[in-house]
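Read through the structures below before going on.
Here chain A shows up in two complexes: once beside chain B, once beside chain C.
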Partner chain A sequence: MLSDTQMSWISKTQSKARMYAVAGLLVTLVVAIIAGAFFGLAPTDDQPLAVGVKEKIFQPLMVAWLFWLGMGICSLAVVMLHHLCGGAWSYTIQRFVEAGSRTIPFFFITGIVIMLPAVYFTDIYPWTNEAYVHQYHIVAEKAAFLNPSTYTIAYFIYFTIWMLFMWLYNGWSKRLDETADDRIIGKMKFWAGPGLVLYVLSVTMAATHFAMSLEPVWFSTIYGAWLISSYALSVVSFSVIVLSYLMNESPIKEKVTTRTFHHLGNFLLGFTIFWSYVSFSQFLLIWNANLPEEIGFYLHREGSSLTVMTVFLCAFHWFVPMMILLIRKNKTSIVTLRKIAYYVFFVRILDLYWNTVPSFPDGHYAVNWTTLFLVITAILGLGGVWVFLFLNELKKRPLLPVNDPRGELMFLKDAHGHA
Partner chain B sequence: MASTTTPIPRALETVAPLMAPGHTFESISRDITDVVLERPMPRAWFACLGIGVTLLGMLGASTAYLFWEGLGLWGINNPVGWGFAIVNLVWWIGIGHAGTLISAILLLFNQDWRTAINRSAEAMTLFAVMCAGIFPLLHVGRPWAIFFILPYPNTMALWPQFRSPLLWDVFAISTYFTVSLLFWFTGLVPDLATLRDRSKGISRYFYGIFALGWRGSAKHWFRYEAAYLLLGGMSAPLVVSVHTIVSFDFAVSVIPGWHTTIFPPYFVAGAIYSGFAMVLTILIPVRVLFNMEDFITKRHLDNMAKVMLATGLVVFYGYMTELFYAWYSGNDYERFMMANRIGGPYAWAYWCLLFCNALSPQFLWIKWVRTNTIPLFILTIIVNIGMWLERYVIVVTSLTRDFLPSSWGTYAGTIFDWMAYVGSMGLFITMMCLFIRFLPMITIFEVRIQQDQLNRNEIR
Partner chain C sequence: MSDHGHHDDTPKTYGLIAEFDTPDELLHAAESAYKAGYRTMDAYSPFPIHGLSEAIGFKKTAVSLITLLAGLTGAATGFGMQYIAMVLHYPYDIGGKPFLSWPSFMPITFELTILFGAFGAFLSMFALNGLPRPNHPIFNAKRFERASSDGFFLCIEAEDGQFDMDKTRAFLEAQKPVEVSEVHA
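So, the complex of A and B:
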């Protein structure tokens, strides 16, 4: 199945991941407790939301959970996209994203430990706080959607959809490897369309529940597209990284050409531009209309250090990666592309910080350096666990589909260098 | 090189080949150029041209009368300052998106099937943008002063409002038209040379002039490929930017139903959706009339139908997000806007729109519909109507009933609105007929390259 070099890379990475998991989560907990106990915010008449120890622990964990959730669910989307469109770029990373999708149950369980308690036992979601809802009539109007029971039921519905398709596609993929029955490919193609429709709808709703409602007065109809494009960026860049380490040995070696990286680089470029397009459209429209229920989102993100962060994101989440990825030379060399992928993957942390943390009462108007630190350690900690599980899943199956005739065709076309 | 004897696995079967078998380079050139150079035009072509010219005449007459009498002839009134003109503008611009998408984005995505359809789709783009351009020109009321929209230094120190998306439109649309024209013309050059070489008499000179001295040398091809790829790269962002800016026309305002952040991607998807519908509306009869079924196969129809389904679903997603977030906003005006769409005086338009744009494309999930010309043709007509209604709903429901009930009104297009709208279709039909008569509707040399690749089993 996997060669020795590949296995040794995997086990080496897994032991590193274990270390990150333990260290990251421990540091997060300790620092969060200290920060919450000594620098927390007590509720006042103007600001009914508390930020105590509970909030300090849950805030970074939620952000980290949202960050990694994409690696599970968007991997599933890429699996389905591959079966819908086919393509050489997705063929070589198919087993990575399949393994990624098999980690969705991990998010289901950690979400029950992180997201649901945050709703029931903390003030992080303002709509759970009666005084706050009393203050904002407009939030009371949304109570049918924003209440703990709907949130919980919706949580189970989202995960049912995701886990159902995860189970279907991974099952089919395994059966195809074993039986070479090409009727399975028909099924994979057939369900990819409806699956992606459900994915987009469920992620839009989940984005509203999990993230948009942190700022419950505000709303933006493009928000789902923002999260979808963000997750796509994470998954494609992560796949490039994994591919770069595993490609020197069979079976991937025979299938990978410079054009494969070129395609993957183009997708990184495409999603970088789409992310910027979505983020900028949202900003321009809300800034220009300047409506009281919408502009708050951007006002909370205005202020010395946060403005710097905004500009930083414009420059380093959009302009710089876009310019680098426009150059073909950078996409055809895996070493360069891997560096870019690492960069894109980590700059996503700041975007997620920017979109979530300034919604918390102690995150308004300026970068909260403690929370930023905690977000990073939580992402490293939770990421350690996730990477460990991901690699566990990855080594269970061959690195490329064994009996998928479509692979030959894609390879053929790319080998000829047809443009 | 793949062996030609291995049977094709079922998973790789497609609905039809990219091109009918048995063609040679010579037969490709002959079949495509004969439409222009040898064969008499079919009767249906004369009928279409007749209809086109008649409608164009109607546009001319109604426009002349409009200039004489003024904008009062149209149905626009105090709450509804934007009526048919903006609806038609957006509709036509949307239709103009398929050409560049097929040519540029599918080029960058290495989609082989674009080859047979890109030329006519690009031509359609140009004509649709021309049709779109008429309406703002007429809507300003004083078309002789239209140059005021251009920022040029003048003695009055008068500048346009740079913060207005209407001004961005001027730049976006004119850039789009220019780049599309260049892109289309660049792609035409090698084929014009083919026409020059095959034609006799006076037409030889005309094709010769526009062929720019093309001799097909390696250097020519090298420069051509570089220029085409660069223009493709330039057009790709334009596909997105033009309709994004058109959506900004509405979305930067504070009018409920107009101001919503999903508008940019939702408009772009809608544009591609309606563009593909129009390409299919035209190509389905054309491929039969001019015996082009060998080149524009069911595979092309199937693929275009799939793009329509995908973009149609994005549009549907747009409707659903509008609906949900209107409620979620908790804002009385947003909620009223949605209730007014669903049950107000223009509810018929909203429900028709949902039928045309959200329900009917769901039939495209069925392969039989995608590969059979008659149901597909009917569907494309429905989608064309639906996309017009979409803009009508957006413009009219939001303007007739905005914040103050005391300033509510109603709106309906007058006969002159309809004459301008239907007349613009006359312009479009006339231009399409002339294009088919005088230029190769399929890119000859690209189909020949494709034939070579098919022979060598590089593509299927």
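So, the complex of A and C:
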């Protein structure tokens, strides 16, 4: 199914990923234990949350888990988007995102090991700390949504929705490959709409539970859109990277033109702008209203090095990539686009750091360099495991759908007349 | 013309046009014409053909640069207007915020960037194409209405330095078109 060159690239990348996984997770654990034991925070009357060894271990793992979660669930969203709207750009990466969506069970299991213990056994979620809830009346008011049982039940509901659609779409796709029964295409089209609606609703809720509630006094209704646009950036840039390594051989070679990169580059551009639109409007509304229960989020993110990081994100997560991606020449060359995609993929780490870590008591008002280091090693470590599993899934099926007549049609429409 | 007492019965030539059956033949003919040294030519087809504009030597236009400049002008106008109103002419204390509350200025700045940018793109495209233009000599071409249904045309214009009625006709005939005909200006 896959050519020898493709297979050797996959196994080479897999052994590299294994190395990253072991090294990353080991370094994270060791450094987190040392940092927690010697540089922790004890609770005080003003600040009732403790930061000890447990918290130091779980903080970076949670951020890393949130970083990679998108590669599973947003891949599923791109699969459904493809069936909803179609298009030559998504046709070439369809099997990548399908393989990505099949890693959702990995997040289901690692989340049970990372996210749920963080709720039950650590002070990372302030709403689990009685003294904290007592201090902030507004958090007590949210107890129906923010309590360990609701969190756990919701966790299982989110993953039930995501795994249901993962199972449906991957099953249909496999059967279409085997039987060429075009009634399956009708089902894929029909469920894509409801599936995407459920995706957006469930990710908005999940973003509230998993990430927004780290700062439980605060709330923002656009937070889910921030996470969705962030995940879309990750998935599209990751697909560009994988495509660039696998496109020189059949079956992808015949179906990839400069138009394909141009489309993918435009999607990166679109989501870069959407990300900054969402991030900025959240800030604008809260800054203008200046309400005590909302403004805390931004006050925690103000201070020498964190202000520098904020400006850095404006410049290098929005302005620079946007200007580079506005230029057509940069989108029609896969070599350039791959560089941009690597850049966009990894600058996401800083944005996720900015949105989560300053909510922790030891992350307020300045960049916590230890936590930043731990977040990076945890992302590399967990990412090693994820990339390994992703490539395992990727090589199980042909790199392009075999019996989907729409694929050929989309390709012809897009590249008509191309010699 | 007749006022001058000068009669010229032979109408001026706009160019020579060749009709093809398929997009591939048109693309191929356009590539050969460019290789043969022709530059002032145009191709006409019922739908966009990828690679055709490159084949006839279509160059990047100034539209993108003009759009960028117009967008920047819009940003400066949007921000400047608010600065003049809110900081210089009518400073007003709103919720204790500074007069130069730049985050609040962003929506208008953004909107005017888009507005000016869109105007820049649209108007410069119009102007650079020489539009509006009610008529065009190419409409004199035989069977040209098929360019919007199933005809694929390549027209080498008389303005081209290398244009020669006989040689250019021979060149076009060699591309195996359905027909080659003259277009009157």
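FYI, the second predicted complex is superposed on the first by the 416 of 419 C-alpha atoms of A that agree within 3 Å, B and C clash if a C-alpha of one lies under 4 Å from a C-alpha of the other, contacts with A are read in each partner's own complex, and residues count from 1 in each chain.
By definition in this document, a residue touches a chain if its C-beta (ideal position, glycine included) is under 8 Å from a C-beta of that chain, and two chains touch if they have at least 3 such contacts.
Because the structure is predicted, anything quoted here is derived from the model rather than measured.
When the two structures are laid over each other on chain A, do chain B and chain C clash or fit?
clash
Contact-wise, after the overlay, does A:N288 reach chain B, chain C, both or neither (first, second, both, neither)?
both
Check whether A:I138 is in contact with chain B, with chain C, with both or with neither, and answer first, second, both or neither.
A:I138 sits against chain B, while chain C stays out of touch.
Please tell me which partner, chain B or chain C, touches more residues of chain A.
B
Quick check on the superposed pair: does A:L201 touch chain B, chain C, both, or neither? Answer first, second, both or neither.
After superposing on A, A:L201 lies in contact with chain B but is clear of chain C.
Pick from 152-160, 260-268 or 422-430: which stretch of chain B gets in the way of chain C?
Only 152-160 shows clashing C-alpha atoms.
Do chain B and chain C land on any of the same chain A residues, and which?
284, 288, 416, 418-419
Once bound in the complex, which stretches of chain A touch chain C?
Contact set of chain A toward chain C: 257, 259, 280, 283-284, 287-288, 290, 328, 414-419.
Mind listing the chain A positions that touch chain B in their complex?
137-142, 145, 182-183, 185-186, 193, 197, 200-201, 204, 208, 219-225, 266, 277-278, 281-282, 284-286, 288-289, 291, 293, 404-406, 408-409, 412-413, 416, 418-419
Please give the residue numbers of chain C that touch chain A in the complex, ascending.
Chain C reaches chain A through residues 23-24, 27-28, 47-52, 64, 95, 97, 103-104, 106-107.
Quick check on the complex: what are the chain B residues that touch chain A?
It is residues 2, 9-12, 108, 110, 163, 240, 244, 248, 251-254, 259-265, 309, 313, 317, 320-322, 325, 328-331, 365, 453, 457-460 of chain B that touch chain A.
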